[in-house]
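Below: a set of structures, written as structure tokens.
The following pair of complexes shares a single chain, chain A, combined with chain B in the former and chain C in the latter.
Let's look at the complex of A and B:
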């Protein structure tokens, strides 16, 4: 698989389509994001699979936004799994990246990873390597997780989340790792909402504020879950807000390249989409 | 366009979390927790997440300074050592060793910490020694 990815990147450089390629590199025994430049060998390029598939993923899109802000005229290639590409579509929609300046080089995720991630689309449209696994099983797993939570009555559900939120050490890691978090002024640093510099965290305002802001953004990549030192099931929370967006508006963040968010439209509510 | 990730260890406490400092055109722009580090497995506390901010802080001390007539002035290392040694001796002579305290670090070597406590106990004659990892 890696050889096909390398060929694709080398071709992009040869055709002068990209000024650099943002991917992952193994160095000093660790996996790190790396910007490969033209003329440099793709030495150490890897796909973020260490002990198991996808266990060394990084928010490459977030780095791409940083680079694009500094170098808006440059076109860059980027390594993209299904979730990364959903993130790119979201960032195009939110005007954080220019679709004409980004060339994704896509890899499909294996079935076990897709299932573990409960992935909605474990392959990118811009597929360069790997075999497409249909999302049926993994989507079903996601719905079952949500349905299991919904069997709890409201009091129990609220106390479940209050207990989870009470573990928070307020590291802001969920925000800092999130490829879809790019605001220069963050509500989580607004002192009218969130007290500064003390614990416990404001429950449930802190996490629910973030969940609200994720409603039409979250692409369910799961990096927040992996970054949380307190093991709060953040992804489950955002999965629920995403489900509400789907049920109410038929909207799923990052699934379509030219999508528009119902939360940023003026006019009558979009019609519910029959499922 | 020069973007690099530099693997390093957090300077704050003794846990030794690994992260990458993101360097864009020679300036630090961010911190990313190292996913493959067995110490922190891609997680950080709020201090670690913001390490890149203090490195380039304008408030950071880059020279030894001594307060003279109420104003901090840049001085040479020789002058700073001379001043520190003579003042420690004076204070010890006037008030005893327990008038002096030492603060050491979780992020220096075991041997350096050993040396400082030895200096405090055997040299200055006090047990007033603590370290930054008492968070």
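Let's look at the complex of A and C:
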């Protein structure tokens, strides 16, 4: 798989289509994001698979946004899994990236990774290597958790989330890892809204603020869940907001390249389109 | 509103505790009536579960 990816990137460099390629590089046994420049060999390029597939995922989109702000005229290539590409679509929609200046080189995730991630679409549209597989069972598992929450009554749900939220150490890890968080001024750091140095955080306001901001952005990549040192099931919360967006407005973030968010439209709420 | 009330409900806060209505500054009686209705609704619901929690934490 990696040879196909390398060929694709080398071809892009040769055709002068990209000024650099943002990928992952293995060095001294560690995997980290790396910007490969033209003329450099793609030495150490890796796909984030160390012991098992996809065990070294990074929010490359986030780095791409930073690079694009610095070098708006350059076209860059980027290594993209299914979730990364959903993120790219979201960032195009939110005017954080120019679709003409980003060339994704897509890799499909193997079945076990897709299952572990509960991924809805474990392959990007711009597929360079790998096979399109559908992770059928994983979808069920995700919904089952939400369904399980729905069977609890209000008091139980309240104590569940109260316990979860009170574990928060306010490390901002979820925000910092999130490829869809790009605001220069974050509401969660506004001192009028969130007092500095106070723990526990304001329950449930702190987490629901983020959940509301993520409602039409979250691409369900699961990095926040992985990053949270307190193991708060953040993904479950954002899955819920995504579910509401789907049921109420028929909107799923990152599925279509030319999507528009119902939350940024004026006028009456768009009705769900029958699928 | 659609979204937030459902997210609150998901986290175990009654959605009746959230209400939004546009009232013009020229419609004082409308505003008073709305707030009174909201107060009645809140009295029926009783104290917020969040309030209980904050009080407990104050003690410990």
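Note that the second predicted complex is superposed on the first by the 272 of 275 C-alpha atoms of A that agree within 3 Å, B and C clash if a C-alpha of one lies under 4 Å from a C-alpha of the other, contacts with A are read in each partner's own complex, and residues count from 1 in each chain.
Convention: contacts are C-beta pairs under 8 Å (C-beta built on N, C-alpha and C of every residue); 3 or more make two chains touch, one makes a residue touch a chain.
Worth saying up front: this structure is predicted, and the values here are computed from it rather than measured.
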### Task
Figure out whether A:32 sits in contact with chain B (first) or chain C (second), or with both, or with neither.
first
### Task
Answer with first, second, both or neither: which of chain B and chain C does A:240 touch in the superposed model?
second
### Message
Quick check on the superposed pair: does A:155 touch chain B, chain C, both, or neither? Answer first, second, both or neither.
### Response
second
### Query
In the superposed arrangement, does A:227 touch chain B (first), chain C (second), both or neither?
first
### Which of chain B and chain C A:66 touches, first, second, both or neither
first
### Message
Comparing chain B against chain C, which has contacts with more of the residues in chain A?
### Response
B
### Task
Over in the complex, which chain B residues touch chain A? Could you list them?
1, 3-5, 7, 18, 20, 22, 24-25, 29-37, 42-46, 48-49
### chain B contact footprint on chain A (complex, rising order)
19-20, 22, 27-35, 37, 50, 55-59, 63, 66-67, 70-71, 74, 169-173, 176-177, 226-229
### chain A contact footprint on chain C (complex, rising order)
2-4, 6-14, 49-50, 53, 57
### Task
Please name which positions on chain A make contact with chain C in the complex.
149, 154-162, 200, 203-204, 208, 211-212, 215, 237, 240-241, 244-245, 248, 263, 269
